[in-house]
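Alright, structures below, take your time with them.
Across the two complexes that follow, chain A remains constant while its partner is chain B and subsequently chain C.
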Partner chain A sequence: MGRGRVRAEPLELILYQSDAGTARGQASVVCFPESIDDLSFAIRAANRHCVSFVARGSGTGLAGGATPVANSLVIVMTRMNRILEVDPVGRVAWVEPGVLNLDLTRSVRHLGLHYAPDPSSQQACTIGGNVGTNAGGPHCLSAGVTSAHVLAADVVLGNGDIVRLGGLEPDAIGYDLRGCFVGSEGTMGIAGSIAVRLTPDPPETRTLLADFTSVDAAAETVSGIIAEGIVPAALEMMDAPITRLVEEFVGAGYPLDAEAVLLIEVTGLIGGVDAEVDAIRRVALERGARQVKVAITEQDRMLLWKGRKSAFGAIAKVAPDYYLHDIVVPRTRLVEVLKRVYEIADEQNLLVMNVFHAGDGNLHPLFVFDGSEPGIWERVYAAGDGIIQACLDAGGVLSGEHGIGLEKRDYMSLAYSAEDLDAQARLRDAFDPDGFANPEKILPTGSRCGEMKRAPEGTWV
Partner chain B sequence: MTILGLNPDELAGCVGCGLCLPHCPTYRVTGLESASPRGRINAMRAVEGGAPISSEFTAILEACIQCRGCETACPSSVQYGHMAETAMVAIATRRPITRRVFDRILYRHVLPKHYVLLLGTWALVVAQRLHIVPKRFGVPPISTSSLRRSLSSDAFPTVFLYTGCVMDAWQRDVHRAAMKVMRAMGASVGLPGHGGSCCGALHVHAGRRSDAQRLAVAVVASMPGEIPVVVDSAGCGAALKDYGRLLGTPEAIAFSARVRDFTEWVVETGLPKMLSSNKTVVVQDPCHLRHVQHAETSVRTALSASYRLLETDDDALCCGAGGIYSITHPEIARQVRDRKVAAIRAAAGSDEVTVASANPGCAMFLSAAGLDVRHPAELLAAVIEEDNE
Partner chain C sequence: MTAFAELAEQIGNATAVEIMGAGTQRGIGGAVDASKPIVEVRAPTGIVSLDPADMTVRVLAGTPVGVLSAALAEVGQECPLDPENSAATVGGVLACGCSGIRRIRYGPIRDRVLEVRFITGGGRLVRGGGPTVKNVSGYDFPRLMVGSHGTLGMLVEVVLKTQPIANKSSWYTSELAPDLLRTSIYRPACIAWNGKMTYVLLEGHEIDVLSQASELSLEPAQPPPHPIGEHRGRISIDPTRIGSLAKSLGDIKVPWLAEIGVGTMHVATNNAAELHDARLVAHGEGGWLLREAGAPLLDPFGAVPSNREVMGRIRDAFDPLGKLNPGRLPFARFTP
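And then the complex of A and B:
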């Protein structure tokens, strides 16, 4: 692939052993393709040497999706970061996977457009990684998650073949293979270019901050707003510890004595947003909000969002390690599941902070601890087990947006039957029959009925 | 004592979230984890955990421009700059002998000895006239008439202007502009006494902390009393403000508290009367002004009274100059500068653009790319209404 684009220095390999989550692996080689042909070449080379491969964007994932297992080749997509084509009329852009989410929005801002999915890490994360995890974000409440914004992708499959999945035409014929690929976390191949939908900027935006003296009142307000028939552009909740932490960083005017705050954004035409602001204010006050403030300036608005989106990065001020969960529950069960989360933290004597997409019922309990404390990881994992059980009991699902990766893999059998898992394994095999693409992720070992197609771990070393 | 001498708590402060990555100029142009703040911190952790201080480790840390943009971006306020400076101390003592000799001459005998630097500058002027200075070094055309005349101090100063080493040799006209503005505002300007000619910022970045401490003591001694110390070089200003930590003495802490960037002092003192200019200026934030001194607002307050200011849409990313970085890592520095120049031109909407930059290194490096770069002091001096008393 050329000088400087394949690297295997010992220290460098250490830097690629994990993403922003907790799972560690070991890379054998790291390479940096600069085109889809490079990417295909790298994958074919890996095939020839019977080495599995894993794609990595900015390494901001939290589920271990980019963690190399089985001495994988790590394919780093950061140099494939060109915006290839922007069609402002059709509102479509073709981009390479290494383009940063926020960079894409910035580059089309002058056209009055933006890329709607906005994960908290949007300033750092890549579109390719977003496609891999089917990422969400605060504004996905009204706009839909990544899958709703990916029209097509040119994908390099596990054997190095390049195929186009999906298309720009409004109603593609045949099975929605694009839909299978989005969220497949690199287990079906790696995208070399992606066609994304661009969204027009709303004419008016109002951002509200409601503060509460109880978490329950805040959670009830969430359901109340939706029941009112309003779907805000974003509806986020933060509890007291995390609010204090982010306020220290951004100084956006978050109340330091509130038990919970809701950050609510409504967009639309001027008359509409003002009516919605009034309705939301009423609903919140009825349910015990102390006050509901509307951000006056764009600067105030940006600071509030900066605070929300910096939340989990700020926790090192409290302790050096965190475990950020990602579960989704029906919105109507929010209050009870949230209560259970606090109980579980108490049972395990752990500090938990909650910052999440309340409107979607997408919870992000964040455990904050010092990993060097003896026995702490066992308690953290036990709490994780408890949270997942509580979520499934309430009719929820394992992941809202971070993906399954390594982190949730072994919980899959709690959520799916053996038949379900086998069907999923066979779907995966259709894209990557030899199992070279990001092995050991998503599906637990033994998902396939009958024989194991893949060689056991260690064979390729 | 750990291998690199890093504070374990400081090192544990990074949770690895990656929000710093887009704010790191070297990561932006290379896409390498090893060229990112998170990667460098993990490399330091690996060494503290037993990995050797290899040439690979040295290269990883040396490829950092030390702009500290990551610190502003970090929600956990990780003190990356301090850790990198500490790790550089361990690296500096393990360099090959030829490099150590070169470093010793540069850091011990050229930068701190002002007459040597001035002599060297005259040699450089001759070389420039003979057209034998490679363009890529980015040395600005040096004015001999400026170099011939020294600056004159006022009696009974009410404020010091810190003049520095390279800046006094290569950009003395900026000091003249600053003094003109300060005097127009009613100040009597004093200059540092003997021995205060080099602030030691480059020494700190190169891991020569004890050299830097010696220079800092001399700088503190060269500007006694309690009057403000105004600095018109963002890099030097950041260094002077950090003396409290570098030396840890009560005198140094008191001294650092007196230090102001030029525009900070102008704004605090009360803006002078200015003529309005119809000129448009793109503001470039020198990293050590924005990320270390956090004085980016005062530049804008001071200039916006007279000029129409435009902002770049690049998160104020570094320009690539970085002290001597543009000479030690010309390839990365050039790529970083290309991004900056593109952002500046996009902000201005044209190629004809005036840039305000409060740091000599940035100014020289950006000028070498063909931009018209002015120090805020020069821009203010051009529009100031002088009293006719």
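And then the complex of A and C:
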């Protein structure tokens, strides 16, 4: 692979020792393939030297998926960033995995189309990384997460072989390998090109801002809207600390004295949109909303969204450190779990902010702190344990969109039985029998029946 | 012992099992190999919990779709599995993986399944996925099981995502070309075309359904008739190639009904050889034909996927002794 495309200088390797999460690893070599053949070549070379490998998109992942363990070769996909083909009639685009999520949407905007999954990190994250984590976003509530938008992928397996998973036809012959691959965090191979579905822009869009004097009332409104039989295009919640922070940062027009706000979007044809706006307004007012603002023009709507989308940027500006969690609970349990999140933060004497995909029951408790304070990390981790337990107690799941990676690997046995995990390990091994692709992620060691317990080398989480 | 544990023991002790749903789709995926002593097993039936405020339902896999639909309708909801025959079981529909006619609006059935519990060939009860509408924790067993034809495990329980029943749902016909209709209508529930007539299903708010119908001069109509014949198949093809496939099928005079924008084409004939010809035509256009019924001498899939090695290893991993529906999905056997 030419000189510039393989690096091993110690200083440079440090850049690749982790993603945006807290787990640190150790890279042995970094390479930058420019084609699927390069990618296959790099993987075969790693095979020959008996070195494992890990795919890296933009490294915005939060679960340690792209963090190299066991001295893995880091394969950075960002130079494979061409949009290969756009078919406006079939509404399909073939892209290389390094294309940035927002760049894809921008490049098809003039066709009246967009790529529906819109993670808050969409300016920075890659489509390949999104496939790796099965990424979600505010508008995945009605549109579905990444898996519903990936039709096919050409994947390089752990042994360097290139296989096509899925296809442009509605059903591929045999097992849904495409479905297995999406969300597998690079442990089943690396996608070298991806066919995604493009979605037509809706004819009408309304963005609503409802503000509340209590978090409970806002959370009850979320459950109330779903119970009413309405699935909005997006249904996001922000609590008081984050609302104030964001308002100071961008001036989106959010009320500074609210305890919580809901940002709700409905899309479609005018009859349905009007009816849903009315119903949502009623549900919100019945549950104690002070005000429900409806933005119709593109400009007003964008301003409301700007606040939501700047939330993480605003936090990064004020807090030396933050820890962002990702759990999902049944939507009917939102009120009680959110209450528990605040209690846990109190118990650990931590500042928590909540800005999340409420409509899916996908919470993102965010602890904001100064990591240099003695003993603080222990409290942050203890709070994380508490949140995960509260989530599982309420019938929830470990992650809605960030994935398991290293971060939550050792919680997997709280969520699944030994037999469940053994079956997962078997599926992984069927894709990658030699275990070269992103080892030691997702499944706790010991998942395979009869496997020895061992600590991953060179990691701390 | 619980029903699941009893089934697990039964499967664990058997030499071979055929997993039975309601039984009409037994031709799909290939005949079960009769050379071994076969035990027939059936998933339990019943709705475990229906949570309308969460829009999810937990159901035992042997439950007929009609029973599930009736229970959901009582709370104004539905789950668009849409089998042609509502006696089909939830497990059977998912195992066959065939999506219903409203796929263009509501997505394939694989996107409906949130959690699965199944019994592997080794007699182990495994759970994958989770009950929430969003989940990335571990590998996607729900999607793996959909379309696996009972060769990886017997589904015993699933959690499905439901949706409100649209306040208006009407079929129409139109003289307009199907592609034009597709670009003129926002989120139709189905556009079906048989070469003579285009059928459109509109669902949503009454005002929107009626105004789209009048703007495009659609005529109220009955749903499209499916092609009739003893030998039936389902072609899966890149939807942009439906037009040329239609032309080629016309040349061999096999009747068809196409789902525009999806790429599913239903064909039927009373002459088994013609189903074979339809398959060759589908291959010529880059698609493939699933034998749904009849034509017992025709291969169930007619093609071997290029990634069959991975599939074979998966099957081996879940059913190492080849007990589950032996003979079905014949290409997915591991040959190292």
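In this section, the second predicted complex is superposed on the first by the 446 of 461 C-alpha atoms of A that agree within 3 Å, B and C clash if a C-alpha of one lies under 4 Å from a C-alpha of the other, contacts with A are read in each partner's own complex, and residues count from 1 in each chain.
As a working rule, a residue touches a chain if its C-beta (ideal position, glycine included) is under 8 Å from a C-beta of that chain, and two chains touch if they have at least 3 such contacts.
Just so you know, these numbers come straight off a predicted model, no measurement behind them.
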Inset, instruction - Scan A:Val76 for contacts with chain B and chain C and give back first, second, both or neither. - result: first
Inset, instruction - Classify the contacts of A:Gly174 with the two partner chains as first (chain B alone), second (chain C alone), both, or neither. - result: second
Inset, instruction - May I ask you to decide whether A:Leu269 touches chain B, chain C, both, or neither, giving the answer as first, second, both or neither? - result: second
Inset, instruction - Could you say whether A:Gly59 touches chain B, chain C, both of them, or neither, answering first, second, both or neither? - result: first
Legend entry - Greater chain A contact set [chain C / chain B]: C
Inset, instruction - Based on the superposed arrangement, let me know which partner A:Ser121 touches: chain B (first), chain C (second), both, or neither? - result: first
Inset, instruction - Identify the partner contact of A:Ser310: answer first if only chain B is touched, second if only chain C is, both if each is, neither if none is. - result: first
Inset, instruction - Once the two structures are superposed, pull the chain A residues common to the chain B and chain C interfaces. - result: none
Inset, instruction - Name, in rising order, each residue of chain C that touches chain A in their complex. - result: 51-56, 76-77, 97-99, 103, 107-108, 110-111, 120, 124-128, 130-141, 143-144, 146-148, 152, 163-164, 179, 186-187, 204-208, 211-212, 236-240, 262-264, 286-288, 290, 301, 303-308, 310-311, 313-314, 316-318, 329, 331-332
Inset, instruction - Mind listing the chain A positions that touch chain B in their complex? - result: 9-12, 14-16, 18, 20, 32, 58-60, 76, 78-79, 81, 98, 100, 102-103, 106, 121, 123-125, 246, 249, 310-317, 320-322, 370
Legend entry - Contact footprint of chain A on chain B as seen in their complex: 12-22, 31-34, 38-39, 42-43, 46, 51, 54, 56-57, 60, 74-78, 313
Inset, instruction - Can you check the complex and tell me which residues of chain A touch chain C? - result: 87, 89-90, 133-134, 136, 140, 144-145, 147-148, 157, 163-165, 167-177, 179-180, 182-184, 200, 202-203, 223, 226-227, 229-231, 268-272, 275, 328-332, 357, 360-362, 395-404, 408, 412, 415-417, 419-424, 426-431, 433, 442-443
